[in-house]
Amino acid sequence: MKASTLVDGSVIDPSTIDLWRTRKDKERFQWSSLALLTPAFALLIILFLIPVGYAAYLGFTNLTLVGPTAVKWGYTGMANLHRLNSDTEFRSSLVLSAFFVVGSIVGVLIFGYWLASLLMRSTPWVRVVVGGVVVIAWMMPAITAGMTWYASTTAGGTFATLTGLSNSDFLGSYPLLVVTIANIWSQTGFAMLVFGAALRNIPSEILEAADVENASRFQRFRLIVLPMLRPTMTAIVLLVALLSLANFSLIYVMTQGGPGNATNILPLYSYQQAFQFNNLAYGALIGNVMVVIAAIFGVLYVRVATRRSR
Amino acid sequence: MTLPASEGTVEVLEALEGPTSFNMPPINPETQNSRTRKALSNGLLLVLGLLFLAPMVWLAFASLDSQATWSVEWPHFTLSNFQTVLSGTDLQALMNSLILAIVSTAIATVTGTLAAYAMSRRRIPWKGPLLLFVLFTSGVPLTILIVPLYQLFAIYGWLSIIPTAIFLAVTSLPFEIYLIKNFIDAVPEDLEEAARMEKANTFQILTRVVGPLALPGIAAAAIFGFVNAWGSFIVPLVLISPASQQPAPVAIYGFIGAANVRYGDIAAYSLIFCVPVFLLYAMSARLFREGFVLGGAVKG
Amino acid sequence: MWKLFDGNTVVSDLNLEIKEGEFLVLVGPSGCGKTTSLRMLAGLERPSHGRVWMGEKDVTDVSTGQRDVSMVFQSYALYPNMSVYKNLAFGPKVRHESKADLDERVNKVADLLGIKALLKRSPSALSGGQRQRVALGRALIREPKLFLMDEPLSNLDAALRVQMRAELIRLHSRLVDTTTVYVTHDQVEALTMGDRVAVLKDGVLLQVDSPNDLYEFPSTAFVGEFIGSPKMNIVPGTLERTDGRAYVDCLGVRTELPTELAKRLESDATNGSVLVGIRPHDLHAVGESSDEGTTLSGVIDICEHTGTEIFATINLGEQRLIARLPRSPMPVQGQAIQFAFNKGQLYLFDVTTQQSLLRRTPEREKVSVGTGATSLL
Amino acid sequence: MKYKGLSKLITMGATLALVGVTAGGVLSANASSKETLTVAYPSVYAFDTGPLATQWWNQVKAGFNKEYPNVTVQYIPIPGSYQDVVNKLSLLYRSSSTAPDVAEMPSAQIGLWSSSDYLAPMNKFLGTSAWFKEFPKVIQGEGEFNGKIYAVNVGENDSALMYNMKMFKKAGIPVPWKPKTWQDIVTAAAKIKKALPGVTPLWLNAGTGSGANGLLQGINNFIVGSSTPTIQTSSGKMVVSSPGIKAALGFYQQVYSKGLGASETALFSPSAVTAPLALFQTGKLAIAVGSNYYGGNWTQFISAPHWPQAVQTMGVANLPTEAGGGLASTLAGWDLAISSHAPDAQMAYNFINVAQDPTNLIDAANWAGWVPPVKSDWALPAYTNFAPPYNADFAKILPYSTETPTSANYSVWVQGMGEATGMFVQNPKTTVSQALSTMVNYVTQQLGNNAVATLK
């Protein structure tokens, strides 16, 4: 009896559905979407994907910048990979990169959050001035930031003068630490803005509720603020990681990877091999490794993100 | 391979709505406790601000110093550094940088907005993997692209400023798409449906409804694109053939001669170099502060 | 018409003919698919099965902009970046309608809605009621054939809601040719505004009727419960039919149904368990009515004062009933009470199908429900 | 291989496209049956200042157009520092469509580029050249590979000891100073340190920051003056360890362990190589293993920085050899070469011929801080009077100088040696064997066992 089926509502005879060839009704693909996507993706594919693919291929050749194999080059299979496998300089470069990236992430997170939370309860003029300074540091082009930091951290520089040790050369003595700090300096502004937005989205009632339950400041931070900031932090971590991993200009201007190879992180080592040592292919292979690392980072990130949303 | 749900990705990236809200409203009503806390915050902030400011001291001093070196010294006051760098080819280089950055920003922001809109609102097959692909590309180091790009540019005779600007646009495109997408996601769909019922076409919806409402995000993305193009050194150096089209970061290398380094000029030029970027930020700061102008769109 | 979202049916088998110029209200609890139905009418969503017709035209594949439909969104969806004037003028502008009389049209609509003074303001500077009017105006300026409203009053406070309700009715009566489809979850709104009211539940259309018929002849127990406030008491009972007479046994009382009611019993209403519906208004303290033999006794649990009346929850053993009680003597909690129901006003429903076991009075035409209907919307 | 054919096809298409795109210049030139000659040069690096580079190249162009009015010279100035110039030129050469007909290049790159078939041999033109015969043998050989000459020099740099005579007098060292051995240098520096606290006794380039130039004006001068002066063997292997290298590192060890060298900051800065110019002028430095351009830079003309008292203050002393008494110096300069893709090699040579004109050559030498490669120019007042007595002094050293290796592997060797010398600066307690093993390990690691050699 039809009527009763209907009244029962939730129960629908599956066979009838099949008869009507039911489908999940999704919005249909619109051809105008293609028109919207084409400009961006055409550019990305032609100017980015194709060169990236070509560079990936170059990693398995013997191409050099100059010399006989600059012209007559070809596929050499796994030769470069074998070399990479036994390259101690590459290994130390990996370690340096890891320190640089992890150090940058930690520093950016701490300073970004600290600044953002302080800014929330400061007087307007302090907010404008200090926020402005941090944002300028973020927006300063790498070449200028690099020179500024070089000048500030060598003997006779601002920091040496400030600490009263005007003859100490911080950059020469702790090169990796100094370039990491410089990188933190230049990326904190971004994190500060993002954290600021996220903090503002935490309803004050939640914090007040915690107050009522007499939570200590640290408890409040750990149990309430931190979990709510987790998505923000994940986003910052990923972006700082990607931007730091590929950071070339800042270190190139400050130390060119030196002294020795003390700040020779992967992008600089790739550049050194490709352009200073003329080994374009080997440099490209190191670049490939970086792309793989970036991809692993991305996948891990998606994992974390999806775990959260579950 | 099925990439895990893009939903999570998108959600997390929503946190990037950061620049929307540079305004941080005062929290609690003033109490005795909060007043001391405020004073403490102010003090700490000023200390942090000084630390962030410290590296910039050299720039200011050296730019005004006729005998500038790497070290910070009280300047032998002069304005000649500024006069030198604001003339001739160095000025031309600044103009070139402007052209490079403006063209690049315009291209990246326009194409990025279109793509971001489609990504946000339309049903697109493999949307998740596509978004991830866009994200990964932003992690590719530019140095490994120099050779393939040079070949490509040489083949088609693109070794000049405009094609280079287009390439720089591409380098900031992934991030711009993400940023703008997150802002468009936050524009209520009702508004767009209302416009669609009014027979508005996609272009009208974009320019009159979604565009204006996602403006803070678009502006933030544009600034990112501008800074990216404005500060780039290696890409224009390699991809631009005519010296008369080289931008300012390349010109800075002109102050580092084989025999001497013109520190004062470098500092002065660097300072001038920061001005447009800062102006851009100052101009759009109001936009950020207003945040979403969605007040009034929904609810009573 | 079917609408499936990821395998879950939101609206199924909706067969509804809307007459030109009428004010039809879609009502139902939240999540019943009424908004989805409205959006399918608007063309914002596509039915996965079935067609949508407007007049002689199949508009299923006609895009929303081409349908000559206006809609007031629950959120109003005012463009926050435009002034009230621009909000009103947006439609005509994007449709490239003549600019010559645009000003006049905007003013006319603004006049009609009393928002002329607000034209230069931005939506964020308006009160809820004002926004609601602007949203209405924006829909009106198109002079649409079909006017859709998605819970437009739900964001307003109670007083404003009553006022706007009246205004909407007045407005509809002035727009002679315009058909209005109005979605709400509020049965009072539905009953006061609709020429006809369609009740939906879980995506299924249960009944379409005039407000009065809906109240008098609920087709299912759900409609009976949903329409009317406070809701109808439904208690288990037994039906016994012997040679033209019918008896109902419920709440521990056996009552013979009045002939009038017994005649209306459906032919398939057989002896056995039934659901008995009694409206609170048909329950009264003994002494109030002359009816006999149905006296029950219970204890007053909670009293709700609505001003003119008092609705009391009465505990009757395991049963709880809501009854309308007079203000004097003032009932108090814990008080034992004798009460009775009007046996002429009982409703009977099938236990399994929940369908009404009572036919309508003959003079009224039955409005078809379900797949049997002939006309499609 | 398949893709080769494809790339050829693409390149052909590209050439066509390029003709279309660069329409402006090329087409109009064709229309008036004019020939175009493209010339690439470093716009800021090779000359002392950018404007001087522009001035000199315009001067050459004017001279060339006087003789060949129908040829349009199109310049491709390359900005940036040494590495940028080399990279950009490498990229320009990679594509036949962008390869400049004539390019000015550092001598260290000639071998690499000629072995890539980027350059055209010039022997058939040089037979008639008067100026090439005037080149010292060592400079003639600079552009020679596999018996053919691919590039000709326009200016050279060599090294010697520069010292502050006034400081020497104060420290009780007789002037003119004539050190016979490396030990004499250490002794003099130690005396200065004692007599003049606050003054850096000896500037000796070290570390990776200053790249190939740091070695050219640093340890290479000692290696080429040692008993085993070889850096690259005749079979092309890089020498990673030799008695000469050990001795040279020993000299570094002495200087830095005794605190006679400059500070880490100064030495490791990217502009370290030219730092002595200002340090001498401000009286903060006594001795430097310096270069021929110092004198010119102190002139009012160049002013980098201008130091009128330089002549009375600064003396030049030859760098002794390890064995003592000899004269050691490295040599590197800038050369002009013709692209193997040049459509009209004769015209390209004609341009080089004009550039080699004595006036042009001497102007280049003065403005870029070079020694002109033509012997007869060395005595010309236009050269000697520009920065007396230094220009004449350094010209005398030139024939005895040793040229820098030119191979892809040399840059790896440079990095390894930079690390090794830098170790003494960072940690004065570094031993010679520690530094040497760093050098050996790094270079061997990078190049493989087959590309390195150890000399006994």
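Note that the chains take the letters A, B, C and D in the order they are written out, and that residue 1 is the start of every chain.
We take it that a residue touches a chain if its C-beta (ideal position, glycine included) is under 8 Å from a C-beta of that chain, and two chains touch if they have at least 3 such contacts.
Predicted model, so just to flag it, every value in this text is computed and none were measured.
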Spell out the chains that contact chain A while also contacting chain D.
B
Using only Cα atoms to place each chain's centre, name the chain farthest from chain D.
C
Dist(centroid_CA(chain B), centroid_CA(chain D)) in Å evaluates to 40
From the mean C-alpha coordinate of chain A to that of chain C, what's the distance rounded to whole Å?
55
When the C-alpha atoms of chain B and chain C are each averaged to a single point, how far apart are the two points in Å?
54
When centres are defined as mean Cα positions, the distance from chain C to chain D in whole Å is 92
Which residues of chain D are in contact with two or more other chains?
87, 94, 265, 269-270
Multi-chain contacts only, two chains or more: what residues does chain C have there?
none
In chain B, residues with contacts to at least two other chains:
69-70, 146-147, 151
Could you list, by residue number, the parts of chain C that touch chain B in their complex?
42-44, 63-67, 69-71, 73-81, 90-91, 94-95, 122-129, 131-132, 138, 142, 155-156
Please name which positions on chain A make contact with chain D in the complex.
64-68, 70-71, 74, 87-89, 154-156, 167, 169, 171-173, 255-261, 272, 275-279
Of all residues in chain B, those that touch chain A in their complex
3-5, 7-9, 11-22, 24-28, 34, 37-38, 41-42, 44-46, 48-49, 52-59, 62, 69-73, 107, 110-112, 114-115, 117-119, 122-125, 132, 134-149, 151-152, 166-167, 169-171, 173-174, 177, 202, 223, 227, 230-231, 233-234, 249, 252, 263, 266-267, 270, 273-274, 277-278, 281
Show which residues of chain D lie in contact with chain A when the two form their complex.
1, 83, 86-87, 90, 93-94, 109, 112-113, 115-118, 207-209, 211, 263-266, 268-270, 407-408, 411-412, 415, 418-419, 422-423, 426, 441-442, 445-446
Per the contact definition, I'd like the list of chain A residues that touch chain B in the complex.
26-30, 32-33, 36-37, 39-41, 43-44, 47-52, 54-55, 58, 63, 65, 111, 114-116, 118-123, 126-127, 129-131, 133-137, 139-144, 147-152, 154-159, 161-162, 182, 185, 188, 190, 193-200, 204, 231-232, 234-236, 239, 242, 245-246, 248-249, 266-267, 270-271, 274-275, 280, 283-284, 286-288, 290-291, 294-295, 297-298, 301-303, 305-309
